[in-house]
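Structures given as structure tokens follow.
The two complexes that follow have subunit A in common; it is paired with subunit B in the first and with subunit C in the second.
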Partner chain A sequence: MTRVSHLTTADAQLQGPKGPKPKRAFSGANLFIYGTLIVMSLYYLLPLWVMIVTSLKDMAEVRMGNIFSPPAEITFQPWVKAWSEACTGINCDGLSRGFWNSVRILIPSVLLSITVASVSGYGLSMWKFKGSEVFFNILLLGAFIPYQIMLYPIVIILRELGLMGSLGGLVLVHMIFGMPINTLLFRNYFSSIPQELFKAARVDGAGFWAIFFKIMLPMSLPIFVVSMIIQVTGIWNDFLFGVVYTKPAIYPMTVQLNNIVNSVQGVKEYNVNMAATLLTGLVPLVIYFISGKLFVRGIAAGAVKG
Partner chain B sequence: MAVTDHGVDHARREYAKPPIKIFKNLSSKIAAIPMILTATVIFIGCSGWTIVHSFTNSKLLPKLDFVGFDQYERLWSSRRWLISVENLFIYGLCSLVFTLVIGFLLAALLDRKIRFENTFRTIFLYPFALSFVVTGLVWQWILNPEFGVQSIVRGLGWESFTFDPLYNSDIVIYGILIAGLWQGTGLIMCIMLAGLRGIDEDIWKATKVDGIGTVKTYLVVIIPMMKPVFVTALVLIASGIVKVYDLVVAQTSGGPGISSEVPAKYVYDTLFGRQNLGQGFAASTMMLVMVVIILIPYVYLQFGGKKDQ
Partner chain C sequence: MTVIENPSVSIKNLDLNFGAVKVLKDLNLDIASGEFIVLLGASGCGKSTLLNCIAGLLEVSGGQIHIGGTNVTWAEPSDRGIGMVFQSYALYPQMTVRGNLTFGLKNAKVPKAEIEKRVARAAEILQMEELLDRKPGALSGGQRQRVAIGRALVRDVDVFLFDEPLSNLDAKLRTDLRVELKQLHQQLKNTMIYVTHDQVEALTLADRIAIMKDGLIQQLASPKEIYNRPVNKYVADFIGSPAMNFFEGTVDSGVFTAGNLSIDLKGYEFTPTGKLGGLAWFGIRPENVIVGGDGPVQIDVIAEIVEPMGADTLVWTHVAGAPFRIRMDGTSTVKMGDTFGVSFDPAHASMFDKVSEERL
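Showing the complex of A and B:
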């Protein structure tokens, strides 16, 4: 009898109060939590702050002062110089060249890789054929292979195709290496769409492409956005493929940035360098801040397989 | 052509076995061509090609003149490669431990029903959106001994303070580690947070009833429950570590001297800088071997585990 009553009280306790947790603002635990979070936030925010303030100072102030202190006098000269005058080798037309190169690489790469990945993912989820899963698993494992081992053979393939050193070659490479993660993303998304919908369309006589364009595409805008975020940031931030598969005239922004900042000739202009660095980081940062939760969803989808 | 073939097959079906089903589901197969080509030609073909050529003495051009393990012997007696591997090992081990610890700590703190959770998460994750080149250059500037952290601490009155990781070959790899952690921990935090959110609220209530403290609950109950999440995080960090390249190029260019070289950079430099193809192929094959060693437990868990279900 006592045991039963004991159980019921434990049960009641397990249920717990249903309302929100009462908040005590200044408990020791809270102090620890917020204290740690704020200190860590400073570590994460510091580089962004340093980039911004350094890029707004003139060189005299950079040499004199503290890299963390805000500029005494704000100047946008370093930004102008980084954008339109900074030199890489003999070219002194600034980062703008790299920026436009990156844009010209980005647009076709993103469109092509998303198109291919969405169609592949759709096929893998709704039109399985013998062996399709095998290829898909190879594709997923391939995502872990270090790129370095495939660099040279791809040079040969691109040379054979006449694409070595061209924009087209780099676009193809981005499509190939974006495929595992994006195909996975689309496959998982399309698999979550009710089979009844697919079967109904089949009964009505719709084929592979009709179902894709008329039923699946209109339903899958969110996953296209997620995939686009992954691809845009990934391709914009790429350095290795840019440096291997293109030539100096069409180097993407990251490669040009590195060449500007790490060039050995001339006096180091730290403010211009930081302006250039910030300019290169701006595109992914803007995407990150605008997309918010979708960005998180994208990386979570990429990370947590299956 | 395809249609007539198919018609004939149909007629024969009664007394012959159904012939090749290649035309069944044809659109799907056509749509899968890019995936199949990527998987076979690029991932299998190109990797295989490199492995085969790593046993040759290719110099400027690839040729099939086999020399056995010569390239590997040369590789493992090269000081530059040994330094690269050592750096990768130190960087990898520290990065693994710190990323997991910081990532989990931040996720656990964010999961304590706090205010401004979104703001904090946004702050911790934004570096992940940036290019490694950007990360490397910013930290190169912050760690610059003339202007950065060292000069500021000295300016505060501590004249002998020395912190110049990028100019000291003994600790340069830790300078890169600081930047790498800055960029990478946010991602792991996010994954851990997703894992923590997946844990049933009742677990917390149960441990509260049993009078187990918060920290102990994390260590004894929550972390063991999150094993799959940790495995995912581990594989993600590890496969990222092996590929470390742009960060080093931007932050130190491998210097001072060759003290911050990493294998990925060794491969690039031997292939495209010094045009010693055989060496580059051998080095990249070694990189693949490292990844395979890391992946074995993961593949075992992912694919071996599924069979039991």
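Showing the complex of A and C:
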């Protein structure tokens, strides 16, 4: 047996590099990365800054033209006006009407589209039938057809269904257009769940709906959150379908915002326009902030493999 | 082949095609009640497919499956009187162990008191009473597989199906659970069908082994028979580790010749149908080769590679141009380059026809 003697050598006697490699804070790579990040964030944050400060100024101060300077005197009057007093056509009750319209469109559209997409995604991944792949590909194709092509045919379909210009019609349209991407999401998520789990449930006597509700749903919070984010932002920000398939009384918030900002009568009230725009953008923003946390939690909960 | 009266599971002329690919071809298999059958084969041989067909998780393309005397070819998996254990355990992650055990019973609308009784019994048999309120995520691999077995157990069925249940466990745990499975079978006396690619599991657990290749059963026999009298070269080569040594040569009037090696086949038991001449394979297992010894066949070999494996030492060499393995005692002191004499008895050998590869 040879004695292993080098292990007894004191650490101090080692020559050359030892321990962790030193890191330089101001290396070329670091400067480049952080420089780029700072420039990019300025690029995105500056317009937001301008919007916020302008919405808090009165018109006299806006006219002075110093768009980057903070308000000399903070006023919330533009926000109040944007919410409850701004005029579109003959209605002068501000964006609040559009906000509630949008909420009434959003909730059923999101619920319906996620329900339909999750069930179809589940069916297409777990209960494959002859031609299910073809069916899925046709569905996917729908995601690549430009909306403009389908705009007028849908007008006709809605008219025949008696849904043209109604809230229900718009909800139906949102549900259909949400299907391809959300079905894809759910199908891929369910495909990643081990087939054996599905088989075990079948041996245990669970059918289509029992497996969906008792086994699959509790495991799929993350993908529901992802799908919800996509649908909420997509539907809330929608302008095209809102303006085409509804009528002024039930215009969503985005359409009403456009009508306020683009109205040609009277002075351009930049502070009110800025406040109105910020108000409209608030919902997706809040969703991102709330569900961002939920999203991470959902992934952590789903990470425990059985 | 013995005819089994009132088989527990009976597979009749089973075909299964995936599109144009024929995975199972006209397969017949009768399994006696209380028998432990192992389906063994390399990956892609159709063994898991066959198990899934028995479970009803795959629709068959032709033929019938009978379980407990009933034709269940069209029955739902839950109505077939089977319990199944999967390689990945397939426990429902959001349910506790108790939830996992009772899920199937609740679906079958079993009365509450009965459910309690069965869960208590399964927990006692598998010694997992203290685990009942834990989630699968908080269990070790061995405990998870025990729960998975429990889930089959509470169903109170006659036939258990195992799909490579030990493959995800580490080596030590696998050995422990293997013994537990054998005890469980002796205790419960259910019919068990067990799929594996691990020949040690197959040899240790099975009453009978079905070796499968390309969707056909090559040999269906007891582990001993399969090991000592393989019906063809595939089975001989597949079973046994290290694999059987083969020489390619000719048989002529009771003597096998391969290059400069000539073996007198006195003592070898030819099959009644085997022809006694022509091109053939001669196979002898590494453990049937004895260092020194006074066997009828004596050869001198040079140790090319020596692999000490603890209990045994494996020596690699060449004889008559073919690779030759010898399994020696673990205390052997043979070194690389040593020359020594070995011997074996043709009575332990297996001979196969060169073309058909059937046993001679």
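Please note the rule applied: the second predicted complex is superposed on the first by the 264 of 306 C-alpha atoms of A that agree within 3 Å, B and C clash if a C-alpha of one lies under 4 Å from a C-alpha of the other, contacts with A are read in each partner's own complex, and residues count from 1 in each chain.
Keep this in mind: a residue touches a chain if its C-beta (ideal position, glycine included) is under 8 Å from a C-beta of that chain, and two chains touch if they have at least 3 such contacts.
Here the structure is a predicted model, which means the values were calculated and not measured.
Asker: Touch test for A:Tyr34: subunit B only (first), subunit C only (second), both, or neither?
Answerer: In the superposed model, A:Tyr34 contacts subunit B only, not subunit C.
Asker: Which partner does A:Phe213 contact after superposing on A: first (subunit B), second (subunit C), both, neither?
Answerer: neither
Asker: Examine A:Phe76 and indicate which partner it touches, taking first as subunit B and second as subunit C; both and neither are also allowed.
Answerer: Touch status of A:Phe76: no partner.
Asker: Looking at A:Trp49 after the superposition, I want to know if it touches subunit B, subunit C, both of them or none. Which is it: first, second, both, neither?
Answerer: After superposing on A, A:Trp49 lies clear of both subunit B and subunit C.
Asker: In the superposed arrangement, does A:Trp127 touch subunit B (first), subunit C (second), both or neither?
Answerer: In the superposed model, A:Trp127 contacts subunit B only, not subunit C.
Asker: Mind working out whether A:Trp100 is in touch with subunit B, subunit C, both or neither, as first, second, both or neither?
Answerer: neither
Asker: As a test of reading the superposition: which chain, subunit B or subunit C, is in touch with more residues of subunit A?
Answerer: B
Asker: Counting only touches as set out at the top, which of subunit B and subunit C does A:Gln148 meet: first, second, both, neither?
Answerer: After superposition on chain A, A:Gln148 lies in contact with subunit B alone.
Asker: Show me the subunit A residues, by the header's touch rule, that subunit B contacts in one structure and subunit C contacts in the other.
Answerer: Residues 304-306, which sit in both footprints.
Asker: Which of the residues in subunit C come into contact with subunit A in the complex?
Answerer: Of all residues in subunit C, those touching subunit A are 52, 55-57, 76-79, 82-84, 86-94, 103-104, 107-108, 135-137, 144, 151, 155, 163.
Asker: Contact residues on subunit B for subunit A in the complex?
Answerer: 21, 24-25, 27-29, 31-32, 34-36, 38-47, 49-51, 62, 102, 105-106, 109-110, 112-114, 120-135, 137-142, 144, 147-148, 152, 155, 182, 186-187, 190-191, 194, 202, 205-206, 209, 214, 229, 232-233, 235-236, 239, 242-243, 245-246, 249-250, 253, 263-264, 267-268, 271-272, 277, 280-281, 283-285, 287-288, 291, 295, 299, 302
Asker: Give every residue of subunit A touching subunit B within the complex, in rising order.
Answerer: 10, 13-14, 16, 21, 29-30, 33-34, 36-37, 40-41, 43-48, 50-51, 54, 62-63, 66-68, 116, 119-120, 122-124, 127-130, 132, 135-136, 138-139, 141-142, 144-154, 156-157, 175-176, 179, 183, 207-209, 233, 236-240, 244, 254-255, 257-258, 261-262, 270, 273-274, 277, 280-281, 284-285, 287-289, 292, 295-296, 299-300, 303-306
Asker: Inside the complex, what are the residues of subunit A that reach subunit C?
Answerer: 194, 196-197, 199-206, 210, 214-215, 218-219, 304-306
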